[in-house]
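I've put the structures underneath this note.
Both of the next two complexes hold chain A, though its partner changes from chain B to chain C.
Take a look at the complex of A and B:
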């Protein structure tokens, strides 16, 4: 029972974590990515299509990654090159992509909302025989798919890249001091675009995890607001990949609990809204702490 | 005279450009799917504006957008990026619907006043929090208001699936409102209702307020130059909180008018994103009242035409969503740069 829950919590954390790491990097580069949801949706659909066509989960993942990256690039170009407001562009991308996906399903496959082709190759779970029988730990680490491992590997990798590498420094500088970046001869807008492409690619993978990792078909509601939950996770995490991962884990846990608790104790609708409330609470707490620090700084 | 008009004309063209871009993208999508874009667009224009009934349908569809556009414009004008009208719309709609089915014996004016007033109150209170958080603690209002949308949708869908579910109804809907709580129709048999007139009047009132009153001037000053505003003795924080509350109240009112005028109950999925379309409308209109009216009618035509083109031409109705989304994407884009770069 507890093992099944823990396993599900990790599974549900993966898409949120992937998109949140992308969104975190994007935000550090200077763009708040409201369009993650649309990139997730695009990735989820393409993954099912390619998987059913080729029978290869690997190709499907690659296609989802490329789809997310292309959507990210398009969104980024409108924001960086045409100085459009990132919030409205992100919302517009979410609306347009949701419409496009439905339009596509209707006009190409003649289905409304759900696409369930035969022969979808699922992402294989990676069993770890040595740990499989171990209580708790076995449920957490054994039987997860490659994208889950990738998501968790990205947490330390991103933390390291942001702090210790030249690219991390350039990215942080682009978000914090664009003029300086330009002054030393780098192209801040290109760096910013690259961060959105990265975010899009990860969101595309997140979509693939949902469609060919969890359910094995595509549904228009498959992303289920997880792009926005990812936004909540990286706001929760501020600029830290580790804290972002904690947020994603928390929200993934809610997601898993929500499926189990449906109809009991707490209504599912309220449980689904909880992550958003937590973000507001966290932001309030941070705001209070900042102000207190400011005050004591002034007195000292 | 002509010279004085020129910047206005340029402004108008600038605001039209996102529509042109969206139509171009829509044309590519339609063409790829094997439809003839031009004939689809011609059909959409006919369905949106051809004849009294169709115009009435367009105006009905533009009614919620007038107010969500207004809610956004009020906020943006003072530099408050409120994206929370969607949540207020849900809460306002539910509040009005509950009052609308609970007091069948009251006089109509009283129940309508109570429904609209309570919805505005709830909407305003809903955004008081983000207003205070931004003013006192500097918490980004984009994030808080965006998050509050999901919370409002969660709360209302819980209520409409549980405590407020109409007896005998399988899907999420409250009981229908009583006859005394419905906003009267303006042009029967069309669905155009008094809510359109109320919404239009409010947008016009906003235009007058913004242009001719001290309050309107102050609000714009806070938006354009908060430091100067502070220097001349305006407290930007106070304006900010008030703006957020008023914007939320208008969002709540929009939901109430939608419930009492058109839907006549509250249902799950009450808004197909009116609050977000309102953001695009305000940005396209650059917060001007006239712009809000024109953009609302265009978006209204789009959605009312979309419903009928699906009937007549088997073009999936989602083309409307694609066009709307594309307009949003380009709403604030400086499209002139495309040419400057090429040239």
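Take a look at the complex of A and C:
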């Protein structure tokens, strides 16, 4: 029972974590990406289409990555080059993509909302025989797919890249002091665009995880607001990939938990609101702690 | 939008005179024609009725069917349609308001009851079809000779949201399950979302892990994940609303079908025969063929004939009135499901 729960928690964390890492990098570069949901949806659809056409999950993932990246680039250009408001553009992207996906399904496949072709190649789970039988650990690490591994590998990689590499420094500088970046002869807008492309690519992968990693079909609601949950996760994590991962895990874990707790003693409605309530509580706690630290810093 | 509506008005002008009744409009709901589901099913009944009852009429599709509710209804009424059948659930209140202004036009709304002498409300007895689904699920779960079944009376149901409209299905399902085995365990969960198959898959997986053999989905797009989970686990799902047996052939035990085509056909026939049930609520259950189980074309061979006969027997008892299935919408919640 606990094994099944842990496994499900990791599975449900993956799309949130992928998108949240992208969103985190994007935010450090200076854009709060509200459009992650749209890139996730686009990636999910393309992954199913390519997977059914070619029978290759690898190509499907690649296509989802590119789709997310292209959507990210489009959104970024509107924000950086046309100086549009990032919130409005991000929301607009989410709404417009949902509409376009619906239109596309209707006009190309003649279906409404759901695309369930035959022959979708699923992303294979990676079994680790040595650990498979191990309690707890086996359930967590064995039988997860490549995108889950990628998501977790990105956590230390992103932390390292942001802190220790030239690219990380440039990205942080672009977000924090655009004029300085410009003064040293770099192009902050291009760096910012690159961070949105990265976020888009990861959100596209998150979509592919849902469509060909979990269910094997596409539905217009498949992203299920996870792009916005990712937003909450990277806000929760502020600039730390580790804390962002913790936020994503919190959401994924609660989703997996509420499924299993339902029907026992807690009302379903309450359970479903719980992750959000906890995030508000934690954010409030963090805010208060920050303020206290600031105050004591001033006194000291 | 405007052009579509003026086309609608023009369309009326070219309708041939001489038809016995004023023409019929069928307002298509969200999802539109081609949804292979609700709208298409209703439309097929509409076309059949047009031919059978020698009526004129047309389907009205609109891009913004929810926001333009009153506008669409008024235009259709102004265009001279004698009967407006509205498939869109969110049109309930606007329809009741518009109907007041057009006493000479008849209106039909589905899945809800709205007032007005010229308004007919159609309700489905989903609990009756769900009762049969619950009975079948339990009998199949207890039969270890059927591949994948544990032989224990453990089944599940996943609803899209915790509401009385969904619980109507769930209560019927549980009642049917208890009718064949009072010790049955029915796991109940709500996805709080009608469009998230990944969530539906995880929820169903948790139920199958917990020993459920058959899981009934009443959760729209989320339910597609339930069907997928059944396929993965080698268990059964039960589909809803339309015949979903073909979504994953062999993994969908049956589907609890709501015959919107029968609903539209019935009410149009009444209209053509000058017996429009204005101001009344028409309930379509097993007896009217308004709800029922799918033909089970992919699973029938796997199920012992005695099991199918038992379910048929329950159906006969419902038809004869010997069994009255609990209707959570009218009767509130039963003692066995709080």
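Basically, the second predicted complex is superposed on the first by the 280 of 300 C-alpha atoms of A that agree within 3 Å, B and C clash if a C-alpha of one lies under 4 Å from a C-alpha of the other, contacts with A are read in each partner's own complex, and residues count from 1 in each chain.
Following the convention adopted for this analysis, contacts are C-beta pairs under 8 Å (C-beta built on N, C-alpha and C of every residue); 3 or more make two chains touch, one makes a residue touch a chain.
All of these numbers come straight from a predicted model, not from anything done at the bench.
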Task: Simultaneous placement of chain C and chain B on chain A, clash or fit - done: clash
TODO: Tell me which partner A:8 touches in the superposition: chain B (first), chain C (second), both or neither.
DONE: second
- [ ] Could you say whether A:280 touches chain B, chain C, both of them, or neither, answering first, second, both or neither?
- [x] first
TODO: For A:82, decide between first (touching chain B), second (touching chain C), both and neither.
DONE: first
- [ ] Pick one for A:232: touches chain B only (first), chain C only (second), both, or neither.
- [x] first
Open item on the list: One more residue to check, A:296. First (chain B), second (chain C), both or neither?
Closed with: neither
- [ ] May I ask you to name which of chain B and chain C touches more residues of chain A?
- [x] B
TODO: In the overlay, answer first, second, both or neither for which of chain B and chain C A:221 touches.
DONE: second
Open item on the list: A:93 in the overlay: touching chain B, chain C, both, or neither? Say first, second, both or neither.
Closed with: first
Open item on the list: When the complexes are fitted on the C-alpha atoms of A, one of 8-16, 26-34, 44-52 or 62-70 in chain C overlaps chain B. Which is it?
Closed with: 62-70
- [ ] Mind sorting out which residues of chain A both chain B and chain C touch, each in its own complex?
- [x] 106, 269, 272
TODO: Mind listing the chain B positions that touch chain A in their complex?
DONE: 29, 33-34, 81, 83, 129, 133, 136-140, 142-144, 146-148, 150-151, 153-155, 157-158, 161-162, 273, 276, 279-280, 283, 316, 318-322, 324-335, 337-338
Task: Complex contacts: residues of chain A adjacent to chain C - done: 1, 4, 8, 11-12, 15, 106, 110-114, 116, 210, 214-217, 219-222, 224, 255-256, 259-260, 262-263, 268-269, 272
Task: Interface residues, chain C side, partner chain A - complex - done: 31-32, 34-37, 39, 162, 187-190, 192-203, 205-206, 209-210, 221-222, 224-225, 228, 247
Task: Footprint of chain B on chain A - complex, ascending - done: 32, 34, 75, 78, 81-85, 87-89, 91-100, 102-104, 106-108, 225, 228, 231-232, 235, 267, 269-270, 272-273, 276-277, 279-280, 283-284, 286-288, 290-291
